[in-house]
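In the two assemblies presented below, subunit A is common to both, partnered first by subunit B and then by subunit C.
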Partner chain A sequence: MLEADEKTGLTTITGLDLGTNIGVYYHVRTSKSFFTIKAEVPKENPRLKTLIDIHPGALFHELECADLMGAIFEGNELNGHFILSENWPNGIYPLRKDIDLSQVKLVPTPEHETNKSAEGREVKIIIGPQHPALLEPEKFSVTVDGETVTKVEPRIGYVHRGIEKSAESHTYLQNTYLVERVCGICNPCHAYTFVATVEKILKLEVPERARYLRVIALELNRLHSHLLVFGHAGLEIGYEAVFQYFWRDREPIMDLIELTSGNRVFGSLMTVGGIRRDINQEHIPKIKAVINDLQSKLPFYRKIYTDEPTLRLRMKDVGILSREDALKLSVVGPIARASGVDIDVRKDRPYEVYNEIPFKEIVYTDGDTWARMNVRMDELEESLNILDYALDHMPAGPIRIEAPRTVPIGEAVSTIEAPRGELLYYVRSNGTDIPERVKIRTPTLANIPSFLKTAIGESIADVPSNFVSLDPCFSCTDR
Partner chain B sequence: MTEKTEKKQTSRISPIFKRAISHLFHKPATTKYPSVKPVLPPDTRGKLVYEIKDCNAIDFGSGPDFRLDIKVMRGSICHVCERDCPAGAITIVEVDGKQRPQINLNKCIFCCQCVDSCPRGAIKQSDIYELAVTDKASLIMKPKYSQKDASQ
Partner chain C sequence: MVNTKTWARVKSPWVLHFNSGACNGCDIEILALLTPKYDVERFGIKLEPSPRHADVLLATGCVTHQCAERLKRVYDQMPQPKFVVAIGACACSGSVFEGNYNVVGGVDKIVPVAAYIPGCPPRPEAIIDGVIKLLSVISTPKKESPVQAHRAEPAIAEVKQNGKQ
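This part shows the complex of A and B:
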């Protein structure tokens, strides 16, 4: 199948506790469809064959499943821990149902890894978990030969909060707000995808106006997220003026989010059966004024990211990810689209009203940092157009329908295009008002392997600008 | 140096340079908080306000109800806010022999689900956002009757 359709990629692997068996569900996307391959292995001996030799993109997903659910992937064994902390006792898999987490006792074990000379000429440089170039705690051990990077070893999980486990003890209603807190930047995406998945199990038909309002909330989120990374990239490169200008212009978008939802950051708009707040007709001119203002500023910003000599020197031909590698590592979002892989969930598997709204799918073929930022720059314009269209074509009507609190037995998967790429939620219900399993696959987890590949052979000074072009979000990655 | 190379050099000056210079003469984009308070949009989700005299619903009204399963709630004590709060910020305490919610703003995440859930509208949102205190206990809102309520 991998040969038949080059865009086939593994989105994620969900581990499930099915009593005596461990369920290992492979969520696969192709250019036309999305489906799940289900496998079951006995709990005593949960052994499976690894996929990394035919599909390297499976690496992180297999390790995560091994760490949290205890499945063993032959050929890709886990040494130590992947997401859990190093002092987590071996043999206790937190997502299994028969584990008593109150019995787990953690002993602090200080890590002794420091910058040191490896054999010969190579030097190991530790970036993180506390490092000025990374705003969130994550560790990358970079081995350099002179100035050239020869190896990157990641260690994620410093902000692992166990939200997937926590969701198994909250009601669906409470979980809407819980999953929103997975990420501060793309919170409506998380809330929306969870809600959409539950609606799929309930077979609810959401009113048309609510669908438009949801698209507006999601696109406002994309705007502010992209403007954030433009500023952040300037900061990483050491160009503070760029950072200041982009964040100044992000502020009106934040005000719009506050206007439409009641809070700058956490909109808390999504709810099963619709949306919690309507947009007042009086506010529409105000929203349109902000959109027009940003549209008039766009040419200047496009000029900065395409022609500005400093940024061009730091970004052009840095961190080139070829199309073959992008397909093999199944990267998502702007990173894939900058390498010439035209995947966008909004086009491939439209959700809500994206099939009614005209917009372009942005694809660049350069595959470097410059292309990744310019994909986002073009998407900014498309987002503004989508907002404009949605505000004009929004029908009148109710914004939510009554939804039951208990969800019948069933399971569903939803994917959406978050600002950083494809976001997946898998929800399994057991007939009560509390879900049995909530699986979250965030885009950054799928995109980090591409950095491990592209950093090699480049200068250590290019690591920050290469890395920030992934728009990494570690709160998402670790959950 | 010919004219052509000069032109090439000028084009290598960052477009942001001119903009940055011009901003020396512009008004700053930042606001003068706290001396000038921001204008908040309507429906800002700030501190919760609780009206004890509106509380304890038995009459659920008519029409579509998004808020609760009435079957679960049958009985005199409602507890919906406690049940729905995602942060566990609401606990039920006894006031004058009746059960009433106590809202702990230290735990509150300002989602205002309790505002949506309350069948009698006893909990409301307000636009009070300056909640910094030196004493954590003062953010626990104890339900009590005001003197005005007691005299009625």
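This part shows the complex of A and C:
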């Protein structure tokens, strides 16, 4: 199948506790469809064959499933921990149902790591967990020979809060707010994907106006997220003026988010059955004014990111990811589109009203940091057009329908195009008002392997600009 | 001399930001403070990357087990006198993540906290207000200012003891 359709990719692997068995569900996307391959292995001996030899993109997903659910992937054995703390006791898998986690006692252990590695010439440089270039705690051990990077070892999990487990003890209503707090940047995406998945199990039809309002919320989020990364990228390469410009112009978008949702960051707009707040008709001219203002500034921004000599020097031909590698590693979002892989969930599997709204799918073929930023720049324009269209064509009517508190037995998967790429939620219900399993696959987890590949052989000075072009979000990655 | 030191500290506090398991919401708001709309540099506040140069630690997040040790280490590396500001509901109490298997709880379980700024996330104005309040406390000439009185033995010792049992 991998050969038949070159765009076939593994989105994630969900581990499930099915009582006596462990369920291992492979969520696979092709150019046209999305489906799940289900496997079950006995709990006493949960062994499976690894996929990394035929599809390297499975690496992180297998490790995560092994760490949290205890499945063993032969050929890709977990050494130590992947996402859990290093001092977490072996043999205790938090996502299994039969484990009493309140009994687990952890002893804080100091980290032992020296900057020198064994082989003479090479030196290990440790970036993180507290580092000026990283807003979030995460550790990357970069081995360099002279100035050339020879190896990058990531250690993720510093922001692992156990949200997937926590969701299994909260009601669907509470979970809408809980999953929103997976990430402080793309929070409407998380809330939306969760409610959309629950609506699939409930077979609810959401009113047309709510669907438009949801698209408006998601696109406003994309705008602020992209403006954020443009500024952040400037900061990472030491170009602070760019940071100040973009963040200055991000504030009007934050004001719009506040205007439409009532809060700058966590709008809590999404709810099962619709949306919680309507847009006031009097506010539409205000929103349009901000959109027009941003549109008039776009040529200037575009000039910065396409032609500005400093940025070109730091970004052009840095971190080149070839199309073949992008497909093999199953990268998503702007990173895939910058390498010539035309995947965009909004086009491939349209949700809400994206099939009614005209917009272009942005694809670049350069595959470098410069292309990744320019994909986002073009998406900024498309987002503004989508917002404009949605505000004009939004029908009148109710904004939500009443949804039952309990959800019948069933399971569903939803994927959306978050600012950083494809976001997946898998929800399994057991007939009560509390879900049995909520699986979250965030885009950054799928994109980090591409950085591990592209950083090799490049200068250590290019690591920040290469890395920030992934628009990494570790609170999403670790959950 | 003491007065000069206090004067310098209050006029230009250098702050260090440490994320101990936050969702980015608070962290982005802290970064937004530096941008033209809020611009805290007008109060002399400077974001400083090294703990050894910092006066104030802006701690966010619900302290995960991986970060607990590091948070303590960052705090220990800061020179005296030092103040911790817990920003956001998570840093204040653990918020919605309280009781999760990988979460220790509020920042005050690991390091002594001088000021709490609640909110999910707090608005930039609220963060400015909190930091200014802290500065006014630092500048009070009293020997036993509320901030000093609040210093307690960090709770990480308890965590260690529990682990040994």
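Things worth noting here:
The working rule: the second predicted complex is superposed on the first by the 478 of 479 C-alpha atoms of A that agree within 3 Å, B and C clash if a C-alpha of one lies under 4 Å from a C-alpha of the other, contacts with A are read in each partner's own complex, and residues count from 1 in each chain.
Here is the rule we use: a residue touches a chain if its C-beta (ideal position, glycine included) is under 8 Å from a C-beta of that chain, and two chains touch if they have at least 3 such contacts.
As the structure is a computational prediction, the values presented were derived from the model and not from experiment.
In the superposition on chain A, contact of A:F266 is made with both subunit B and subunit C.
With both structures placed on the common chain, the touch criterion links A:P129 to subunit C but leaves subunit B unconnected. By the document's definition of touching, of the two partners only subunit B reaches A:P309; subunit C does not.
When subunit B and subunit C are set side by side, the one touching more residues of subunit A is C. Once the two complexes are laid over each other on the shared chain, residue contacts for A:H160 go to subunit C alone; subunit B is not touched.
In the superposition on chain A, A:R277 contacts subunit B only, with no contact to subunit C.
In the superposition on chain A, contact is made by A:R400 with subunit B only, not with subunit C.
Touch criterion met: A:V242 reaches subunit B, while subunit C stays clear of it.
Contact with both subunit B and subunit C is seen for A:L178 once the two complexes are overlaid on the shared chain.
When the two structures are aligned on the shared chain, A:L84 is found in touch with subunit C, with no touch to subunit B. Overlap of the subunit B and subunit C interfaces on subunit A: residues 177-178, 181, 248, 251, 266. On subunit C, the positions that touch subunit A within their shared complex are 17-29, 31-32, 35-37, 49-51, 61-62, 64-70, 73-74, 95-97, 100-103, 120-121, 123, 156, 159-160, 162-165.
Subunit B makes touch with subunit A in their complex at residues 12-16, 19-20, 29, 40-45, 64-66, 68-69, 83-87, 109-113, 116, 125. Within the complex, the subunit A residues that touch subunit B are 170-171, 173-178, 181, 241-242, 245, 248, 251, 255, 258-259, 262-263, 266, 268, 273, 276-277, 280, 300, 303-304, 307-310, 400-406.
Only residues 84-88, 94, 101, 104-111, 129-132, 135-137, 157-163, 165-166, 177-178, 181-185, 187, 228, 231, 243-244, 247-248, 250-251, 254, 264-266, 473, 475 of subunit A touch subunit C when the two sit together in their complex.
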